[in-house]
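Presented sequentially are two complexes of chain A, the first with chain B as partner and the second with chain C.
Up next is the complex of A and B:
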C-alpha cells in the first residue's frame, strides 16, 4: 500500500458482519466479540497482522484503539505482565519489580531508581501491596482537552470514574497560598488591591482571545511571558507567579510568551466546564487506568492482546517479527515500539535527551487539609527560588488521598517532579518534600534537620543507613517527627519530548523518510517506529498529538482518527466546545458590568466601580 | 435516577468458544424485557431485569478476547458485583478452565462477588451429542465454592434468563440515600464523581452530596 493511500474504513473492511455503524437504528448489530460461537477466537497468536504495537502505555493504547476502530488488524503486546508500560499504575510488589528491572538493565528510559519501603508496609500487617496504585507518570486531565473529547467519543470514559480537582496551591514565602482561580475569588480577595484586580481581569479577558490581539503579544513573541505581564499588564509578582506556574503550569521564568499564553488559557477555559474546577483525574490510578480502558476498547474493536511477550527482532525485508517465546508474526504494515520494550540488540532507539526527575512518596497522613471539600486531590506548585535549594526550575506536586482509591484511608500519595537536571534535581525534590512536610506538621513541629536526607534515623533517634537499593534487604527506616512515610521512590526518567512541546512529526522520520530506511547491521529493531516516552507534562495534553502522528504514519492520514460514530443512545449531551463563564462575562464590556450571582461578589464589584 | 434501579457490573469468564457471548446475546436481545439491541462499540451490554418491585440493571462486560493470553486487565474485575463463569458440558477441558476462573475471581475480584456457574450447550446432549461433564460435577463445584449453578443452552434459551434472575435476586438492593452514609474516614465520599458527558456549565454535574 502506498503511503499516501487512505486505508479502507472499518465498515469497508469488515462488511462480512458489520455494515455501516450509522445503520444501527433499529437494526440488530453484533459486537464483534459477542460473535464468539460462530467464530471462536483461536488460542494462538495470529500469523499475520497489519500493525504490531509493543508497549501498552498511554500513547500506544490510544493508537491501538484508533487503529482497531479504523479497521486495522492490531497485535498489541507488552513485555510486562501488566498493562501501562511507561504509564502503568503499579502495586507495591510490582513497583519493587519495576525498580529491580530499571537497576539491572541499562536503558535510555529510566535511571537511578531508589526505593525505600518502611517496615510498616513491608510487614503486610496493616497494608497490602495491592492497597496501593502508584503511577509511574501521574497525569491530570483538563476539562477542556482533546483527550477528554476522545474519551467520550470512544466511550472509553464508561470504563472509568473521574473526580474533580480544584485546589491548586502556590508555595510562596514558606507557606501555601491557595490559588485565586475564579473571578469571584479575584473580586473577593481582600489582599488584592483594586488596581491589581483590575489588571488581573484585563489580562484574563485578553488571554482568552489572545491570538486575535497580536498587537499586544507580538512584540513579546521571543521573550519570556513575565515581560508581557509586567510591562503590558502591570501585574505584581505574586499574581504573575500564580499565572505562570500554577495556572499555566510552566517550568521556569524563561517560559516564552506564546506557549505560556496557551497554557494559561487551557486552565481558564477548562474551569467551570463541569463545575468550579479546571481538571479531573481518574479514580484507581491515572494513565494506567486510561491505558487499560483504551486497550479494552481496542480489543472490542478486534485487536489481539498478549502481555508477557517481548519483540526480540524484526526483519524489515521479510516483515517477520520474532518474539521471546519463539513465536513469529508477519507484520503487513508497521511495527510501533515504546523505547522501554526493546530487546538487547536494539540500535535504533532515539536519543532521550530530556530529564524528568521524580520523587513519589506514600505518607501515613490523609492530607485532607490540602483538598477542597469532598475532593481527594490537590496540586502544589513550587515556583523558582521558592525552596531552600534555590531551585531554578519549578517543582510540581500532585497529592492524592484515599478517596481516589489509590491508597488506603489515612494515607496519601505525593508525586513530586521537576525538569531540573543532574544532581540538583534531587536536592530540589527533597527541599519540596520538606516544605510539604513542614506545612503538614507545623503546629507540632519542634526541630528540623534534613542535611542528610530523612533516610537515616533510627527508632531512638540514632542514625542508621537505610538507603538500600532494591535487591538487597529492606531495612526499617523511621522518619523523624510525625509523618511516617510508607514508601519513597526516586527515579530519573528520560524523554525525547522537551517541556512545553509536543512530539514532532520529524522525530519519527529520522530513519524512515522516503522509505530510505537506514539499516544498522545486526540491529534487532531496524524498520521499527519508536513511540515517544512521556514528557514532564503533568497533563495528558501530549497524548493525542503523539498518537495521531503515529496513526498518520500508518494509515496515511489522520482524518478518520477515532472517526467512530456509535449509536445514538447514550451519546453525550453537552458539546465539547469551550464553554467558560469567563467568556460570557466578558462579552459584556469592561470592568463595570460584570455579572455576579452571589451577593458577596456584588459587593466586590461595587467596590470596583468606585 | 430512579432509586429503584440497582446497577450491577457483571463479568463473563470461561474458555474460548464455550458460548459466553452467546448466553449474553440471548439474554440481552431476547425480548426478555424492553430493551435496545446490542450495538457496535458498546463499552458493555446492558439489560434490565425486574425483580419484585425493583429493577436490576446489568452492565455486562465481555472479555473482548483479552482472556486468551492471560491478558485481562485489573479494570475488568474492579467493582464487579457478579460474575458468570461458563463451560461447555461437552468439553471437559472447559470445566477445568472454569475451576481456574473461579479461583481467579476469588483472588482478583472483591470478596463479596456473586458467582454463577453455567454449564452451557445442553442442547447438544438433547440432540444426542455426548455429554462429558456430568450435572453432578458442576453442582459439586458450585456447592464447594458457593456458586449459583445452572445448565444452560444459549441456542434454545434454556435457563439463560434464569441465571441472570438468580444473580439479580442475590444482589443487595440499593437503599435510597445509601451513598450519604458512605463517606469514608477522610471525609471524601463516593459521590465525588464527575459525569464527563454532561458539560452543562453547572456545578450539578458533580453529583456531590448536598446533604
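Up next is the complex of A and C:
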C-alpha cells in the first residue's frame, strides 16, 4: 500500500511541543517525544512481545496505553497506513479509499457504503482533500465521565484540544427547540406553566440522586421511562421528549427507566463541571485524535507501533504470530484484534447483529446559527415520529463547524446516525437530512425578520422569539435555494454491542478463548480475542468499560488500569499559578492540568453566604 | 480528593520544601521588622512605600502596614501624579484577585477612591462595573455587595440622581441567574420601600402585581429554597404592599398566594407523602395577617402548627410559642 496523503498529525501541528521539550518551566514534560507517531514504520519488529494488538481504534488504543503503563510489552499494529481504524478521522481521499475497501471486500463490519462527491470538491480548486477530517464514528465527551478522568490521569489530554458544546436541539413540530435544562432557564422561561416548572425542577432534583429514592422509581423498573415521567412527575410531552431524547440521548420510546435515568443524570452532572455546558469534543477530529493520543502515550510507555502491517495468522499452540510482510513475533500472553483487521481465512469473528446506519454530509454552509456563541458544534435530536418517514427510532445529528478545524470556513460536517434496521434506516436518515436542510434555509433567509407577531416584547422590554409562530410560518415557507453538499456518505456499520448497553464481559468468553482449546481447523485467528466495533452510542461512554474488560482478560484484574501517578515528577515550587479563566475553549497548557486550574478558581472565589 | 493534586512527599522533596519555607519565613520576618521599624520612625518616602508593597503582597491581612501605607500616601500627596493613584487602584485590584475576601483590601480601595484627586464621578462609575464583575465571579461575596452599596451611594451623592431603578434591575438579573441568590433578594427588600417612598415607581399597583407574579414563579420553580420564602414573608407583610393595594385587592392577593401555596403543598404531599414546611410556615403568616385584618374565615393555623411540629420536632417549642401567641 502506498503512503497516501494525510492530515497533519497532532505532533506535527504542535511544533513547539517537538522543538522545545522543556518549554514549560514549572513541570517537566512527563511524556517524552516519541518516534512511533512521527515515523510510523520502525525497521524491526521485536521477536517477542507480551501482547499483540491489531487495530488502532479507540478501545484498542486505550488498552495499549493501559497495558504499556502497567508494564506489559505491547506490539500495536494496524493494517492501514493511518491511525484510528474504526475510530479514524480521514481526509476525503482516505475516505474514498476506505469506501472502495469496504465495497470490494465483503466485510462483516461495514456494508453498503455509498459515497457522493460534488464537482466543487473533486475539482480541488476551492477545497483540498486534507482540509477535511471526517470521523468514521464521531463521538462527544461528557464532562463528567470515566474517559475524561483517564485522559487527565494519563496526561493524554495534553496532546489534545477540547471545545465546549452546549446546544442540544430537539426537533419538534418542524422546528428546533433549544433545551430548557438549568434552574435559571426554567425560572425565566415564560412559555412554561407554573406547575410544569415545579414538576421539571422536581424531576431534575430527583434524577441527580435517583438511586437513593427507590420508592419513586422502583414501581417503574421494568417499564419505559416515559411512564415514570408522565405518571409520577406529570410532565408534558415536550419536556418528556427533551429529557429522554436530547438530555438522555435514548433511542426510542421503549427505553427503560433505570438506563434512561442514568443517561439523563450523565448530562446533568456534566453540566457546569468545566463551565456552563455538558459536553466537549476534540478539535481536529474526534475519536481519531483521541486514539492517536493514547497510541502516543502507549509508545511513551514502551509499546512498539507498526502501521501497514496485518496479522495473517496466529498459532495458539506455538504462540507465533505471522504478518503480511513475512515477519513473525512470539506473543507471550494474548492477541487482541479488531474485527476490521482480520485476514482472509479468519473464522472466529464474533457475531455482530446490531446495525448502526450513518449518513455523513459536508454542507457548504457554516451552520453557525445552530451553535452557541463562541462554539462550533451542536447536537440535534429527532425524536420518534418527528420525521416525515414516521421514524420509530431516534435520529441523532452531530453538527461540526469550521471552528473545530475539521472543515474549512463556510462549510460544516453533519453526522447523522440511527439504530433503525434495514431499509427503513436510510429513509429516516434522508428525512432527517431534509428537515435539517429546510430549517437551515429558513433560518438563513431574511424574509421573516420584521414580520409582525414573530418578534414580541416581554414585560421587561426583552425580545422574545415566538417559536410557535415561527414554526407555523416556516411550514408555509417554500425554500428557494438549496444547500450545496460537497460530500455525502451512507454506510451501515455492525457491532456486537447492543444499543443502550456497554460491552458485556461474556462477549469475550467465547470459543476463541485459547484456554478452552476450541479451535477451528484452518482458521487464521484461533486463540485471538476480538474487541468489539464501536456501538451506536454518540458519547465515548463505552470506551473505558470495553478497554477494562479486555485489560482484565490479559492482566487478570483491572486494579492497576492506568494506575499511573505522573505527579511525583513535580518539584514543589513557591509560586502558585494564577486562576485560569474559562473561555469556551480550554486549551491545555503543558504545565497545569484541568483539575488543578479548576480548584484554584474555586479557592479564589470562595463561598460564603450573608 | 477531587481537584487536589496528590503529591507524594518523598524525604528529598520534604527537605527541599522545608528549606524553601525556611528561607521565605526569614525573609518575611526581616521585611516586616524593617517596615515596622520605619513606621515607628515615621519615615514617609517612596522607598518605604515600596517596602509596604512587598509586605502586603505576601500578607494582605496586615492592617498596620495598610495604615502605614496610607500615612505615606498622605504625606507624599502633593507630589503624586494621577498615575500614582491609578497604580494604587491597580495594586489593590491585583491583590483582590488573589485574596477576594480580605477586609483591608476593600477598605483601602474605598480610601483611594475617596482620596483620589477631586474624586470624579467617572472613577466611581468605573468602580461599579468592577464590583459587578467581582459579583459575577462570586454572587455571594458579601464584601463585594457591601462595596457595591458604598459605590452606588457615592455615585448618587455626586450625580444627585437615584440609582434605585438600575439597582433593582441588577438584583432581577442576579436572581434570574440564580434564584437562591439570597444577597439579591435582600437587596431587593432594601430597595423597594425606598423606591415607594420617593415615588420612583410610576404605577405602584402594577409594580406590586408584577412582583407577586415574580415570587409566585420563584416559589413554583423551587419550593425548597428558603431565600424565596423569606422574601415572600417580608413582602406580604410590608406596608408598600398593604398600603398600595386597596383592602379588597390586598385580601385577594393574599388569597391567591394562599391557593398557590396550598397547591404546591398538596402536590408535595401527593408526590412524597410529606408536607412542605415552608408552605406551612408562610400559610401561618398569611392567616395571621388575615386575622389581623379581621377577615373571618375558619382558621387552619392550629392545624398547620400541629403538622409543623410533627414534621420538624426539633423546633417544637418555637411552634408552640406561635400557637399560643394569640
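Just so it is clear, the second predicted complex is superposed on the first by the 483 of 610 C-alpha atoms of A that agree within 3 Å, B and C clash if a C-alpha of one lies under 4 Å from a C-alpha of the other, contacts with A are read in each partner's own complex, and residues count from 1 in each chain.
Assume contacts are C-beta pairs under 8 Å (C-beta built on N, C-alpha and C of every residue); 3 or more make two chains touch, one makes a residue touch a chain.
This structure is a prediction, so every number in the text was calculated from the model and none was measured.
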{"item": "Which superposed partner A:244 touches (first chain B, second chain C, both, neither)", "value": "neither"}
{"item": "First (chain B), second (chain C), both or neither touched by A:151", "value": "first"}
{"item": "Partner chain(s) touched by A:195 [first = chain B, second = chain C, both, neither]", "value": "second"}
{"item": "Chain B versus chain C, judged by how many residues of chain A each one touches", "value": "B"}
{"item": "Overlap of the chain B and chain C footprints on chain A, listed as residue numbers", "value": "567, 570, 572, 574, 579"}
{"item": "Contact footprint of chain C on chain A as seen in their complex", "value": "183-184, 186-188, 194-195, 197-198, 201-202, 232, 459-460, 565, 567-568, 570-572, 574, 578-579, 593, 595-596, 598-599, 602, 604-610"}
{"item": "Residues of chain A that touch chain B when the two form their complex", "value": "18, 21, 24, 26-37, 40-43, 45, 69, 82-83, 143, 148, 151-152, 155-159, 161-164, 272-276, 280, 283-284, 289, 292-293, 295-297, 299-301, 304-309, 366, 368, 371, 373-376, 401-403, 409-410, 564, 566-567, 569-570, 572-576, 579, 581"}
{"item": "Chain A contact footprint on chain B (complex, rising order)", "value": "16-17, 19-22, 24-25, 29, 36-45, 62-66, 68-71, 73-76, 78, 154, 184-189, 191-206, 208-209"}
{"item": "Residues of chain C defined as touching chain A within the complex", "value": "2-8, 10, 13, 16-17, 20, 24, 97-98, 100-101, 137-138, 140-142, 145, 172, 176-179, 182-183, 186, 210, 216-218, 220-223, 260, 263-264, 267, 271"}
